[in-house]
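Here the structure comes first, spelled out in structure tokens, and everything after it is commentary.
Read from first to last, the chains carry the letters A, B, C, D, E and F; within each, the first residue is number 1.
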């Protein structure tokens, strides 16, 4: 994976990790985390998202919120690719414990401008061991 | 060393704001710098000027306000989180046609970019929440 | 008369469902709402606990749909209700115990 | 049948207030009576008149306020919980020497006794929280 | 145990159960629950408190809160006896899982006016099975 | 450089401590604060998990005292720190990961 990033206004590129461990709708953390990620994308930092534990539920396909009277915000995840947020690490063990597979998740992609705008998947299902080393590698960790 | 502090829960209900406050005092006592305290989610409720806690209890919004004045801290309430929850300063209340406002001295309302900027500028970002 | 228990938190991260199931009487009912609905996903440890309970288990359909959990994923024996069904369950039992 | 409803969390952050609202609508639609909706803990934040949620989102305090007017519901904010968190009506703000107030029409502030009384009067008491 | 109670203003006595499942200080629920119990005592209902799961931590002896800047509210539990709140059911299994015994809890008592003001313990350590039947017996259950 | 993890919730009711311990690297540190401090009570399942972790484990003394958990109840190998110690730990590690 490429880590070439433009420098931000402060002339510094930090590795920002947004950790998502909570389910959507029961609490607002998932929605407001996504709002931070979308705003943060303008700062040209090296951004990753981690989906651990119940956080993986944020990415389920087919969310329909009409009956609970709350806006379905899951389509906003599809916009992440346009904002150059392309590294969504989803923990395999978390999926499995919850009876989910990658097929239950939305199909999120980004277009690689360095490679003839090839469409690439944004979701990277990783093992807990891989997640550990991704977490170790960060400069700033924001948890929701 | 430069610290950024993030507070994600409101006063009294969760200990997050109390712990962040004790942590902030220790950061300053040890000679470090606090580049910003950013209040997000229900954390924006720490910035109310209308709280009237029992006499024998701590006054969380006043304590933050006083700490900010003594140490010239930058306390920022996220505008999107604040609007959703009914935390408005005088200017914003006017813009929204509201006859009241409720932000206490020492806090200012600004955008989420201030959180990212703090994370970039600080050597350490520490989050307190639930 | 028996009691209706509600559970609103995910069993994968919190012990509320487990504690509720350990405290229900045989003729009680349990209704899963909000993030509690994740407890019905077939094949999980939570659904296994539910299937062993003598109590009748219900789940709020609107909360399932919101979370993209299709009915095909709901464990056998769990009955799906809407908010009107929630009201009926509350009316039918002598008290409601919310496992907050 | 008579219902009492208790809401223990504020708007938006937890689903409790939304679920209570949907439940209340169903209670009324089925011809039951709601003797009171009592807002406790952070639940008092549902009674703010200063909330400005995004245009495409639900307006939780306004929705409760409208439901109360249409159905003559008694919506009570616990005074002790409200004071601690900065929720004051005009009268209370005056008494406390505050220049602003923030309780929306349709809610009233009263004591915890109203919760017990509702529990006594109602056939069923249902609590929504975290 | 005696269930003779005076009738309340509404001429009705209901069994009110306050369920405490959360630890003190980390959140305010324990403190604000106690405030309800103290106010509710004026209504002459048949009041019980249940301490289940982390709720048992509310009753630990020797709480000292100076360093965290929050008021120690545990002494207020000692006032419950004076308000005729005398039935505090504490679950044995919850204590054991948390490495606690009855000796780690405050010594809470009430004076029995029908028995020459004899001092009696308010805390009743009960098994999970007993807790189940206490819960089954209630008319109004308020959870915190 | 390694990471400081903080856990602020009771391990008896929530999975945050367990999830944190499953994600720490060997040279990381874990600091238990707020209701997280219950994790150090000797003889419990939580303290057993802690003792198996390669990471250094710290607990905030003020939160222990507030909850009436005496130092004699603190599991072996856990170091007690105050808020100044919390700041030192944050300064010493390259980032702080709060398990909210």
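Criterion: a contact is a pair of C-beta atoms (placed from the backbone, for glycine too) under 8 Å apart; a residue touches a chain by one contact, two chains touch by 3 or more.
Since we're looking at a predicted model, the values are computed, not measured.
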Pair of chains with maximal C-beta contact number: B-D
CA centroid of subunit D to CA centroid of subunit E, Å: 27
Numbers and ranges of subunit A residues touching at least 2 other chains: 21, 25-29, 53, 67-68, 70, 140-141, 143-144
Touching two or more other chains - residue numbers and ranges from subunit F: 8-9, 12-13, 15, 34-35, 62, 82-83, 95-96, 98, 100
Where subunit D touches two or more other chains, by residue: 8, 12-13, 15, 19, 22, 41, 57, 80, 125, 127, 129-130
Which pairs of chains touch, using the document's own definition: A-B, A-C, A-D, A-F, B-D, B-E, B-F, C-D, C-E, C-F, D-E, E-F
Parts of subunit A lying in touch with subunit B, wherever the complex brings them together: 8, 10, 12, 14, 16, 28-29, 32, 35-36, 39-40, 42-43, 45, 140-144
Sites on subunit E touched by subunit B in the complex: 25-28, 67-71
Partner subunit A, residues of subunit B touching it in the complex: 6, 8, 40-41, 80-81, 111-113, 115-117, 119-121, 125, 127, 129
Contact footprint of subunit B on subunit D as seen in their complex: 10-13, 41-42, 45, 48-54, 57, 61, 80, 83-88, 93, 96, 98, 100-102
Complex contacts: residues of subunit A adjacent to subunit F: 19, 21, 29, 52-53, 128, 131-133, 135-136, 138-141, 143-144
